[in-house]
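Common to both upcoming complexes is subunit A, partnered first by subunit B, then by subunit C.
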Partner chain A sequence: MPELIAVLKDVSYKYPRSTDFVLSNVNLEIHKGEFLGLIGPTGAGKSTLCMALNGIVPQFYGGRFFGSVHIGDLDTTEHPISELASLVGQVFEDPEIQLIATSVENEIAFALENLRIPREVISERIPKALSAVRLEGTEQKAPNELSGGQKQRLAIAAAIAVQPDLLIMDEPTSQLDPVGAEEVFATAHELNQELGMTIVMASRAAEEMAEFAHRIVLLSHGEIIALGTPDEIYSQIELLASNNLRPPQVASTFYSIRKTGIAVPKVPVRMKDATPYLGDLANLKPNPSFALPAPPKVTGEPLLSVKDLAHVYPDGTKALYGVSLDIREGEYVLIIGQNGAGKSTLVKHFLNLLQPTEGVVKVGGTDTREMTVSALARRIGYIAQNPDNQIFNDSVRAEIEFALRNLDYSPEVIETRTRESLEAMGLMDVQDRHPLSLPKGDRARVVIGAILAMKPEIIIFDEPTTGQDYLGAQYILNISRDLHKAGKTVIVITHHLYLMPEYADRVIVMGKGTLLLDQDIRSAYHAKDILKSTFLTAPQAVHLSRQMQQLNGNFLPLLTPKEIADYLAPEEGAS
Partner chain B sequence: MSEKMPAGEERKVKFLGGAAIDGAPVAYIVVLAAVVVVLAFFPMSVVLASGGSFPMYQGILAIVGWILGPIAGAVSTGIGALIAVFLAPHTAVVPVVSVLGSMVAAFAAGTMVIGDKRKGWWFWVFLYGLVLYLYFIGRALFLNKIGLWTVIAGTFVDWSGILLFALPTRTLFAKWIHGKNWGLVIAGLALGTWSVFGLTHATSAAITYHMFNWPEEVWVMLIPMIPFENLMRVAVGVVIGGGVIAGLRAIGLVRPENSIY
Partner chain C sequence: MSMMKFQTVERDSFFSRLDFRPKLFVVMIVTIIAFAWESPLLQLILAVVIVATCLLVGVKWSYIRTILLIMIPFYLLLLLTHAFFNRDQVMALEGYDSLDQLRRIFTFPENWPIIGGSFATWDGLIYGFNVIFKTLTLTLVIPLAVFTTEVNNMIVGMVRAKIPYKIAFIFSSTLRFFPLLIGEFTAIIEAQRLRGLAMEKMSPIKRVKVYSKVAVPLILGALVKSQQLEVVLQSKAFSGSPDRTYLHESILKPADYAIMVFFTVFFLTAFFLLIYYKIGTFGGPI
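Here is the complex of A and B:
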């Protein structure tokens, strides 16, 4: 029987002034040395459960608490958080809010100093912690100089320097780019495998969780509704779907294939587990009625034109090197690339927020340098990663009217367009409410509504899916699709490649300030080496398709689980 | 969220360990002290008697007492006012009086309790205020021969504050601040701030009058000014206090043991 490190018994919890229980009769044993994954839809209680493991719930928040949580022999309601902190470390979702010191080594030393660890011991632990997260040599650096992934690794280092028995990580990669996320998962895996640290991680990254976790807990409405190995949990596609969770794409691919009637012995949850089945699948007779959709042909003069664009920032950083591209009316374009690739720099030139050092950017045939930002704002709408940063009025209606008033539209036009935007975004009933009192998804609609009121031709979504759960990400992307169908030109910047095949037609791949690839989405996703050069990975369905192509040269380059299933589906009437 | 009955035994929830003063986490004390320091930079009006101006933080001294309790509140405002003396001397006027007055205000506010715990503490604050008020007006009337009605009119803020503090209105304002009716919360903040600062003003004025001994002409000029300045403190208290209380209730942080909000 593995040794237990934490036991939750009949745990129920209600926040102050809340009518509902956030956790309800949770019973869970956490074994020493395991990597326990925690999944569940937004509002399931994952963060609350994480904070219950170190006493923050209920000591810091108050409320009503039932049952018990023991970390070793310590009951978390009878021992101070400061005492529990030496046993349980926690890393939160946003690296920015966790780092408070002026240097990397001070950050790691902070908790140790507060726990009155002797100075010489602190000096020993700092390099060990940095080595564990591969941040050696950064001792004197200021945390704000680190990349997102490095910051999160520093937060992990600060947590493990205390040498806790249990390390809790609550959505540690949701704010990071793929490189940063990979670094964090690799670090967590090493801590677990090589140092034997017990890890509890709440994460939406299904592929990585399937790879690294020993067990998965599925939490919904505050209750544990499933507990098992990744193979047991992530293969239950319908259970996950009913909880708005996304399984690893290899699992959803095999599930989709199975639903067509093809015998699949099991639904694998990792790419390597799918390999034994690919040979048989690759050699199945494809469905004759399946046809690859042709990429849409867009003609006409470019709406956005970039020619030999180079940009050098005032500090000398060269961000763009000779980028040239055209975007025509009605296109849906995806721009991808790792952090620092130049995506945001490129997009800011469209809005004249940055001016070219060399080259030309034109909107509707006019050089952007000859246009004011306000004039461009009438033609190009920009939705930032965090919509809250674009909300500053007291009511939804005022937010939507704001730009129209400032651009001197007549009262009749303001009234008409505001009403149209409110109706289009389903915000009529909440038009008098303060935007920040709305749920997060609705706040994004407020910002989109405000932009739509100006009737721009082009709408840019900058990282709309970062920090969102699967449902939230789909919600925003569905809005982008509706806008595209209504004739708008849509540009989306995102890291989440697996979400985009249903939406984007064309992909622009940026890497180190250069344009690496500009092709239809199918060709781009199958350009493995190009994606790899910019530290991006195509979705698992694309990998499966490629592997099957290697086994059977006639296998088509497919993009999604549904495409693979439809391609392999037996012809109707065939046995 | 689930509506199932909890199977586990309900536990007593309290904030354990950590540094706390009189049940208020040190973090809260420090944050509110920092707020006092920041508001010290904003002069609210010209005070003729001593040639300086009074700082905006005077409007929130009572709120700090209502949030942290009397002892932690006094510590917080005392630290804030002390730092403010050095960082914002233009509003410090008489430094010792600034610091002492800040502590008295927060302490007095913190004694406006609702239940039985510490229900007698208010009396000692009242006595302190009354004694210093009597000294203040005694000096004016008998040493400087200021006219009676001038003194009464000139100390309106002081005697009205002391009266409201001594009467059951003290507990009534506290109940209003504690309640859910926002109209009454605002009324409680307004009248509570008036009352607390009135009492505090009496104690501070006694000291500064002893130091500066202003003539009757200045008394006359101050008759309309002092109530107006106190109204400005009330406005600050209502606006900032209302927002702070709404925010604290919304985020649901554990309340300091002796808070009344």
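Here is the complex of A and C:
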């Protein structure tokens, strides 16, 4: 019988002024040394459950709490949070907000100082904690000098320096690029495997959770609806789908293959578990009616033209050089690359928020330097990652009208376009509400509606899926597809490559300020070495397709689980 | 959004190596003396010394220039009001009995409406310069101490100077999150420009109106962030209790003592000269 670190017994909790229980009758035992994954749709209660483990819920928030949470022998409602903090470390989602000090060593020392640990002991623990997260030698650096992944690793170092029995990580990778996310997962895995630290991690990163977690808890509406190994949980594709959760692509690929009638012994949830079955699958007779869709051909004058663009920031950072590309009307372009690759710098040149150090950027044939930002806004709509920074009016209607008033449209045009935009975004019923009183998904729709009211020819979505759950991400991307179908030119920047094959036609891969690749999405996703050079990994379905290609040279370069299933499907059973 | 760094100086200097307590002492002494002196010449010398020290220790000229640019309208207003309206105070300070003793610069003709007959005086104008240099000293002496000290050393120094830990922490948190708010402010203004707001065509008054509209999302954002910060602090065992340890010791070194002794002597000398020789008074020997 494994030793227990934490026991939740009949836990139910309701926040003050909330009508519903966020946690409902939760019973859970967390074993010493395990890596427990916590999954569930937005609002399932994952963060609340995390905060119940260190007493922040209910001690900090108040509200109604039933049942008990024990960390070792301590009841979390009977001991102050500051005492529990020595047993439970926590890493939060936002790397910016959780770093308090102005140097790495002081960041690690902060909790230890609060716990009255002697100075000599603090000095001993700092290098150990930094070594555990591979941040040696950064003691004197300011946290803001670190990359996103390094910041999260610093937050982990600060948490483990306390030597807690339990480390909680609440969506630690959702705001990071793939490199940062990989760093954090690798660190968590090492801490768990090598130091035996117990880890509870809430995360939407299905592939990594399947790889590293020992058990997975599926929460929905505050209740535990499934608990088991990653194989047991992630192979239940329908259960996940009914909870708006995304399984690892390898699981959804095998599930889709099985649905075509092909006998697959199991639904593997990790790539390595799928390997034994690939030989048989690769040699199946492909569906003769399957054909790869041809990349759409777009012709005409470029709407957006970049020629030999270079940009050097005032501090001397060379952010872009030698970038040339044309984007034509009606294209759907995906821009990818690690953080610092130059994606946002490039896009800011389209909007004249940055001016070229060398080269030229033209919109509709006009040099952007000759256009004001507000004039360009009529032609290019830009939707930034955080909707809350783009909301500054008292009502949804006023928010939509804002741009139209700035652009001096007549009252009739303002009225018509506002109504059209409210209807298109399904915001008619909430037009008089304060935008910030709406849920996050709806706030994103308000911002998109406000941009669409200007009827721009080009719409740029900058990291629209960061911090969104699977459903929220799909919702925004579906809007982008509708706009594309309506004839708009769409540009999306995202790290979530697995989401994009259904939407984008063309991919621009950026790395270290240069354009590494500009091709159709199929060619780009299969350009393994180029992606690797900018620290990106293609979705698992692409990897499966490539592995089967190595086993059977005739196997096609496929992109999605559905494509693989359709390609392999017996003729009459093709979906 | 990336976290900007507060206006901390990068240069390693004698001043930046000092403990925060002697720096606080310097701020206190300079502030008292700036308030006590009424001599424009001495105030000018003090302001020049402070500006020069700022530059020597690495405070960027661009920062000082920005402060000067922001203050210029205020300074002009000060000069005008003192030149035209400060009569009773300068007469009292200079021991004059009648208005005729004031040295006039010019007088508006009597027949001019409203302002006819009013006059500007050299005495008022000079006193205005005294106030300007005083303000400049007070505006720059605090950044001189704050920008040259690492925030955590500031907390340790303040706690050792018997300032309650909670106040020291609030002070340092403000410094830590001020750049974050500036970043949010810039993002909001950028978002407004991208929705057709032509800032470049706006009058200053209209711009101020736009900036005031940014306050609501900025404050709401700050409230959300402050609650997140509170949760983070709780999880790091922060309780505001002064009963905690510190990684870095705050030990006064000979240089710290030397600075405190020097400024104590400076303070006593300045007050001795002020009281017994009227040096530093308005209209005094210097």
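The criterion applied here is as follows: the second predicted complex is superposed on the first by the 572 of 575 C-alpha atoms of A that agree within 3 Å, B and C clash if a C-alpha of one lies under 4 Å from a C-alpha of the other, contacts with A are read in each partner's own complex, and residues count from 1 in each chain.
Criterion: a contact is a pair of C-beta atoms (placed from the backbone, for glycine too) under 8 Å apart; a residue touches a chain by one contact, two chains touch by 3 or more.
All values derive from a computational prediction rather than experimental measurement.
Colleague: Would you mind checking whether subunit B and subunit C clash or fit side by side on subunit A after the superposition?
Modeller: fit
Colleague: Mind working out whether A:Tyr525 is in touch with subunit B, subunit C, both or neither, as first, second, both or neither?
Modeller: A:Tyr525: touches no partner chain.
Colleague: Can A:Ser24 be said to touch subunit B (first), subunit C (second), both, or neither?
Modeller: First partner only.
Colleague: Between subunit B and subunit C, point out the one touching more subunit A residues.
Modeller: Partner touching more subunit A residues in the overlay: C.
Colleague: Put down the vertex angle at subunit A formed with subunit B and subunit C, C-alpha centres only, nearest 10°.
Modeller: Computed from the C-alpha centres, it is 40 degrees.
Colleague: Tell me the contact category for A:Ile81 with respect to subunit B and subunit C: first, second, both or neither.
Modeller: In the superposition, A:Ile81 contacts both subunit B and subunit C.
Colleague: With the two complexes superposed on chain A, say which partner A:Phe60 touches: subunit B (first), subunit C (second), both, or neither.
Modeller: In the superposed model, A:Phe60 contacts both subunit B and subunit C.
Colleague: Touching A:Arg116, do we find subunit B (first), subunit C (second), both, or neither?
Modeller: Touch partner of A:Arg116: subunit C, not subunit B.
Colleague: Just the number, please: smallest Cα separation between subunit B and subunit C in the overlaid arrangement, in Å.
Modeller: Shortest inter-chain C-alpha distance (subunit B to subunit C): 5 Å.
Colleague: In the superposed view, which residues of subunit A touch subunit B and also subunit C?
Modeller: 60, 80-83.
Colleague: Can you list the residues on subunit C that touch subunit A in the complex?
Modeller: Going through subunit C, the ones touching subunit A are 1-6, 8, 150-152, 173, 176, 180, 184, 187-188, 190-200, 213-214, 216-217, 220-221, 224-225, 228-239, 241, 243-249.
Colleague: In their shared complex, at which residues does subunit A touch subunit C?
Modeller: By the definition above, subunit A touches subunit C via 51, 54, 56, 60, 80-83, 85-86, 88-90, 92, 94, 96-103, 105-106, 109-119, 122-123, 126, 142-144, 158, 162, 351, 353, 372-375, 377-378, 381-382, 384, 386, 388-392, 394, 402-404, 406-407, 436, 450-451, 454.
Colleague: Help me check something: in the complex, which residues belonging to subunit B touch subunit A?
Modeller: Per the touch definition, subunit B meets subunit A at residues 1-4, 6-18, 249, 252-255.
Colleague: Taking the touch rule as given, give the residues of subunit A at its contact with subunit B in the complex, in rising order.
Modeller: Touching subunit B: residues 9-12, 15-18, 20-22, 24-25, 43, 55, 58-68, 77-83, 221-223 of subunit A.
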